[in-house]
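Submitted below is the structure of interest, expressed as structure tokens.
A, B, C, D, E and F are the chain letters, set down in written order, and residue numbers restart from 1 in every chain.
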Amino acid sequence: MLRTKINWIMMISLVVLLGGATWAQAGEEVSSAMFTVNNTWMLCSAFLVFIMHLGFATLEVGLTRAKNTVNILFKNTAIVAIGVLTYALMGFNLMYPGETAAGGWFGFAGFGIGTDAAGLTSAYNVGYTYWTDFIFQAMFAATAATIVSGAVAERVKLSSFLIFSAIYVALVYPVVGMWKWGGGWLDALGFYDFAGSTLVHSVGGWAALVCVLILGPRIGKYSNGTVKAIMGHNMPLAAIGVFLLWLGWFGFNGGSVLSADPGAVSFVFVTTTLAATAGIMGAMMTSWIVQKKPDLSMVLNGCLAGLVGITAGADVVSITSAIIIGLIAGILVVFAVLFFDRLRIDDPVGALSVHLVCGIWGTLAVGIFSTAHSFISQLIGVVVIGVFCSIATVIIFGGLKMVMGVRVTPEEEQKGLDISEHGMEAYSGFQIFISQ
Amino acid sequence: MLRTKINWIMMISLVVLLGGATWAQAGEEVSSAMFTVNNTWMLCSAFLVFIMHLGFATLEVGLTRAKNTVNILFKNTAIVAIGVLTYALMGFNLMYPGETAAGGWFGFAGFGIGTDAAGLTSAYNVGYTYWTDFIFQAMFAATAATIVSGAVAERVKLSSFLIFSAIYVALVYPVVGMWKWGGGWLDALGFYDFAGSTLVHSVGGWAALVCVLILGPRIGKYSNGTVKAIMGHNMPLAAIGVFLLWLGWFGFNGGSVLSADPGAVSFVFVTTTLAATAGIMGAMMTSWIVQKKPDLSMVLNGCLAGLVGITAGADVVSITSAIIIGLIAGILVVFAVLFFDRLRIDDPVGALSVHLVCGIWGTLAVGIFSTAHSFISQLIGVVVIGVFCSIATVIIFGGLKMVMGVRVTPEEEQKGLDISEHGMEAYSGFQIFISQ
Amino acid sequence: MLRTKINWIMMISLVVLLGGATWAQAGEEVSSAMFTVNNTWMLCSAFLVFIMHLGFATLEVGLTRAKNTVNILFKNTAIVAIGVLTYALMGFNLMYPGETAAGGWFGFAGFGIGTDAAGLTSAYNVGYTYWTDFIFQAMFAATAATIVSGAVAERVKLSSFLIFSAIYVALVYPVVGMWKWGGGWLDALGFYDFAGSTLVHSVGGWAALVCVLILGPRIGKYSNGTVKAIMGHNMPLAAIGVFLLWLGWFGFNGGSVLSADPGAVSFVFVTTTLAATAGIMGAMMTSWIVQKKPDLSMVLNGCLAGLVGITAGADVVSITSAIIIGLIAGILVVFAVLFFDRLRIDDPVGALSVHLVCGIWGTLAVGIFSTAHSFISQLIGVVVIGVFCSIATVIIFGGLKMVMGVRVTPEEEQKGLDISEHGMEAYSGFQIFISQ
Amino acid sequence: MKLIIAYVQPHKLNDVKQSLIEAEITKMSVTNSLGCGQQMGFTETYRGAEVEINLLKKVRLEIAVNDEFVEKTITAIADGAHTGAIGDGKIFVITLDQCYRIRTGDTGPEAIG
Amino acid sequence: MKLIIAYVQPHKLNDVKQSLIEAEITKMSVTNSLGCGQQMGFTETYRGAEVEINLLKKVRLEIAVNDEFVEKTITAIADGAHTGAIGDGKIFVITLDQCYRIRTGDTGPEAIG
Amino acid sequence: MKLIIAYVQPHKLNDVKQSLIEAEITKMSVTNSLGCGQQMGFTETYRGAEVEINLLKKVRLEIAVNDEFVEKTITAIADGAHTGAIGDGKIFVITLDQCYRIRTGDTGPEAIG
């Protein structure tokens, strides 16, 4: 999703298909009709990415307990607002500071957003206007924070989490994003991340990991030396979430082509879909073999695992590679869930397994399955970003822990956050056993 | 969404951005590719607006009691059907009677829909074909009736409500719409309502207000001199509803540009999104301060409030103004909910606060935040339409009350409309305390 | 959705509107902008058809019992994966074997998918690239299997069903599809099926019928000589399902134009919507009269009935005919549900009534309402495909019954498939009466 | 000590609670229940097939009281629940051998209130 | 007067109701309940971790009858619920001191039926 | 034979079960219930209006035991449920006249365990 004006030609030249075909475009000049269709597709992508936020919300609600439902819905609604607003305030201009930051580590083009008339023409970019650019990017930004939300669910203190999200989206996500998509040092290094296996998913995943470690597990999850399942309360919601996320991914990946280029977008649609389906199959087989019974929640995670896995290389790997990447992601995610549980890292929705583990896998897979990209560059990107995000999270979330606390009291946790933090229930009238 | 052939050039010239940039288009001549992309975007907008009907249905279900769920789903499915069919029968030709009605109060181009071959080319309109025009408008039409549905939920008699909706959508909505979008007297006056803060939302809102006054509150809502909360039964559904409405709004506002004009549509996407997020923040803060705990249902209403608020001026206000409009709408909606409760006007889902109050606010805001528009014209539009819609509703709904009754019996209300009107339950098998 | 390169011109010439207008396109040459907008619309259609899978899943879950929810979600997630992957492996090349199979019964272009550079240009097709072609078709393919899923729900053995689906989608669906859309003998015969009333819906419907006959009814459905209702457990989910299916249908039918042709696509939007709304009205009136109370599940089925009905002729029938087709479909579906129940053919979600009965009705309706098409050809298509699909299902599903069984044990059925096949519950913590 | 079990109409619960509180009986336990009594149920239809709903939704109250409160409690429940229509409900009284308050360890009549 | 409490398998409820009706016992109250008895429960897995489900879903019936009906009621319930497999359920009988019909104010054996 | 009815805090159910199992009482039935006791409830707000929640969620246990087990059972429940805070719960004991195991037809003390 590298998108500064200076770099877009380079990017298109990277888009090399199976047989080596390159989609030619008429240089920086496009007809007004072509500009309009490109822009229209980018706006469609923006609304598709938008709907991912509903997907995250329902998935997360579905895989947690009924007594924390209002809290999760509240968090995930607020995050979209916070994410978009902070991105407008400063994130966008931190992430895309312009040519001055080329090859660098940091840049800032000032607070707020705005453009002159040229920002509305193909002089700005052949694929979209300034405003399209902003809205598409802003929809991405909030995603990173939402990933954290799932991992810390059912015990995090609402106010602390909202503050954390605001800071993370305003500062950490755009700075890291600038390294690659803003034309920074990682881009210069040859690191490749098409739509954000690392730049979005791992960036969220690392924060999630650190936050979970700081928070500790939910009460009752690892009692008396055994791992106890805490079952999600609403599987239809979880499934709705995954399908909506998949839907949104057509915009997440398809829009990262940054134009409506027929060959590129349709190819990305195919690789994205095949990876998702292969992820489902991988998780289904693994879960059926390892857990003996086919576990729906694992299969749903498998679908997302495939999607996260293909995100880094959706435009540069072959059809067969896309299936393999998805399949491995689907297998990986099941073991990762079991593995984190063994480590007593309590992640109610599998956010770490899906976004962190498969985000890393997808990024490295570009180095493996695309000859045009170096494994080493990919590895450097993964490691440096991991270290940076983890340290940032330790500072921000650790700081919040000291200043105002990050976890609700055990009584609040046991009563459920809906009653304790919001004074209301999600399913008024329904008889629910809240013994867990 | 002013869209008669005669007027579109005028409209484009109204679209003035922050810096004063005007999006130029090649007059009435567009290339076939441009016509196709414009039309494609308008069709995308149509399906986006369509999905708002699901959003309304789930939001309304979520904020009411389990025992009335089937009834609400039934109503909202039937309304779409009734709305589209009556709009095909007569609404469309009442709303857009053509040049004969220019500057006037009423016009009618005859029953039914149909076009000659020219209706499929850019000779009809550079932005869309005749059929696109119809389907996009038809999706809007049903919206107004759906707004009423939420306010009268849990006590209105199904058959009476369906008849009311049919008449309101067939007659009142299109006549008022014609005043502005059909090139009528309000348009001549300089009244501005981009996508319908007044023409859709307030038109629904006024009807809702009058219907609620005629119906009276739900049993138990204001007993013994106190306001009793009647809690909604399904918060995930409510949140799904709001996100789907927001999604649909990209088509509602984005499509009201009436072409795929890159600058205009993308700008509208940004103002719409920022107003929604600001609405969330406004309601969140207000609710946290006033109610002491952050109320999810208020924040969801806040999001919609921001969206309704920006709808009148999404294309003509600045970025900063969009945020302010949304923020104020978000604050307003919380107080409005409390205020209507104090007046004992029982509106289960907050439809009055969202659509009426913020519809008015958004329309007036155009006069405040856009120098190109006069506050007085805006005010005149708001008042005249308010008076007209209220009187029309008194006649139609009041008439129905006399002829066939508009409210179910107290026993039916207490048992729940699902059992009494439909003979079935929404959640068969689930144990639900229906003591309320 | 006839789409081989050889045939597209013919198809466009078939597209005759009310007044006889023909949408002209510039032969096989289109501008790069036009190609891009066509392709973009086809990709939008692909994601719209994709979301139908979520629609099917939620509808099916909503109309069955809570104890089988996980199982249904699992099935419907797995089917998408199986459908797309087998379609990539062989289905696509069976369905569109190329010119060699013109007029024939069978053809195969080899395993796997892939294209040269020409596949990415308008040389392949003016409407889409090779990849777009594949993804749009692949999304259709899984639909047929999903239709079966609804009819056999609550008693079919998971593993057997998945194997059946894989074979049916890999072999039966594409072979039948080739007869018409692949340019085979039915196409040569003049049989017309725009978007698949027969080729998708009936193909699924016949399989569903045979599977249900082989499986037998759910325990308790027809005990002691009477028909007992087994109520669905979640009406909001059912309604969500129908609205999402309707949404998807804009892509299902709208995309079957195979380009973004403004006149054709917008006309299809209108006929599709009017048929759906007329289906709602038809089912509502019928249900209100016959069943005395307005049955939500019937109205939801009525909406789908209208959509299935219009699918065969959405581009060739008049506006009035579209309404009549939808209305009759809506009436038909109610009687069909009652009729199948009387025959003790147990179809929990009404899949037979919607997809089979209305699929046949819609296909025949083309012969009735469009003078350009022969009723006899339509009838031949319906009958031959019915016979072929039924025999194929008898062989595949009957074979599976002998080899591994197709039905769960009575104990498993009574406990619910969620516990017996997946070892988990859909609504953990909720108190649910599972006496049925 | 007696244990009083009462079945009342769900929408009468608030009235019953009110009238119990007025009678200074403030301890109780409530469950929801399906009941079959003189109120004969009704028929729902779903997709054309009939469902006989002869188990109607009721609310079940369980109240432990000291002997001197039995009369008062029954009267209070009856007051709150009575409409004169079929389905009003029943009250059952059982002898309670022992009562124990977990928090304090109190037993007997002491522990009831 | 006795109060009979029975725990039976959920999917046997219809049979039990049927056999009660045949025995002319038409008044009852039903709740759902989780039970732990000789039927040992089973293990669900969710995301790889085990959940021990040792509380199985049961249906609880509460039937107040006059003394002469006790035997008949027990037999009817047992008839409807019996399969011979573990988990069939239990029946408990308690002495009922008093019974009161809210609608009419009837008390005693009168009020039961 | 006695029937023991206990109301405990929902989140204490696991502890209570544990301590019952340690006391070798493995048969029981559990329902959820709403309770009103010394724990006074709290106020939820919804859209600005208040909802008084004075019926708090509780878990209801029903355990039939032979006489010699009564003391042990009460102690076990109390052990598992006790926190010393208001809302800990109550235990009620009723005389059980008869007990019947549906599967085998056993009656009396035999059938309880």
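We take it that a contact is a pair of C-beta atoms (placed from the backbone, for glycine too) under 8 Å apart; a residue touches a chain by one contact, two chains touch by 3 or more.
Note that this is a predicted model, so its numbers are computed, not measured.
Visitor: Any chance you could name the chains that touch subunit D and subunit F both?
Guide: B, E
Visitor: Quick one: how many steps at least from subunit B to subunit E, stepping chain to touching chain?
Guide: Minimal hop count between subunit B and subunit E: 2.
Visitor: Any idea how many Å lie between the Cα centroids of subunit A and subunit E?
Guide: So the centroids are 52 Å from each other.
Visitor: Between subunit B and subunit C, what is the separation of their C-alpha centroids in Å?
Guide: 33
Visitor: I'd like the Å distance between the centres of subunit E and subunit F, where a centre is the mean of that chain's Cα atoms.
Guide: About 18 Å separates the centre of subunit E from that of subunit F.
Visitor: So which stretches of subunit A touch two or more other chains?
Guide: 31, 33-34, 37, 40, 44, 231-232, 234, 240, 292-293, 295, 297, 423-425, 427, 430-434, 436
Visitor: Multi-chain contacts only, two chains or more: what residues does subunit D have there?
Guide: Those would be 31-32, 34, 44-46, 51, 94-95.
Visitor: What chain-chain pairs meet the touch criterion?
Guide: A-B, A-C, A-E, A-F, B-C, B-D, B-F, C-D, C-E, D-E, D-F, E-F
Visitor: Enumerate the contact residues on subunit A facing subunit E in the complex.
Guide: Of all residues in subunit A, those touching subunit E are 227-229, 231-232, 290-293, 295, 297-298, 334, 337-338, 341, 350, 433.
Visitor: With touch defined as at the start, can you tell me which subunit C residues reach subunit B in the complex?
Guide: 17-19, 21, 23, 26, 31, 33-34, 37-38, 40-41, 44, 48, 65-66, 231-236, 239-240, 242-244, 246-247, 250, 254, 260-263, 265-267, 269-270, 273-274, 276-278, 280-281, 284, 292-297, 299-300, 303, 319, 323, 427, 430-434, 436
Visitor: What part of subunit E is in contact with subunit F in the complex they form?
Guide: For this pair, the touching residues of subunit E are 2, 5-8, 31-38, 55, 58, 60, 70, 74, 77-78, 81-95.
Visitor: Under the definition above, what is the set of subunit F residues touching subunit E in their complex?
Guide: Checking each residue of subunit F against subunit E gives 3, 17, 26-31, 62, 64, 94-103, 105, 111.
Visitor: So in the complex, which bits of subunit B are touching subunit C?
Guide: Residue positions touching the partner: 31-37, 39-40, 43-44, 46-47, 50-51, 53-54, 57-58, 61, 69-70, 73-74, 76-78, 80-82, 84-85, 88, 112-117, 120-121, 128-132, 134-135, 138, 158, 234, 237, 240, 421-431.
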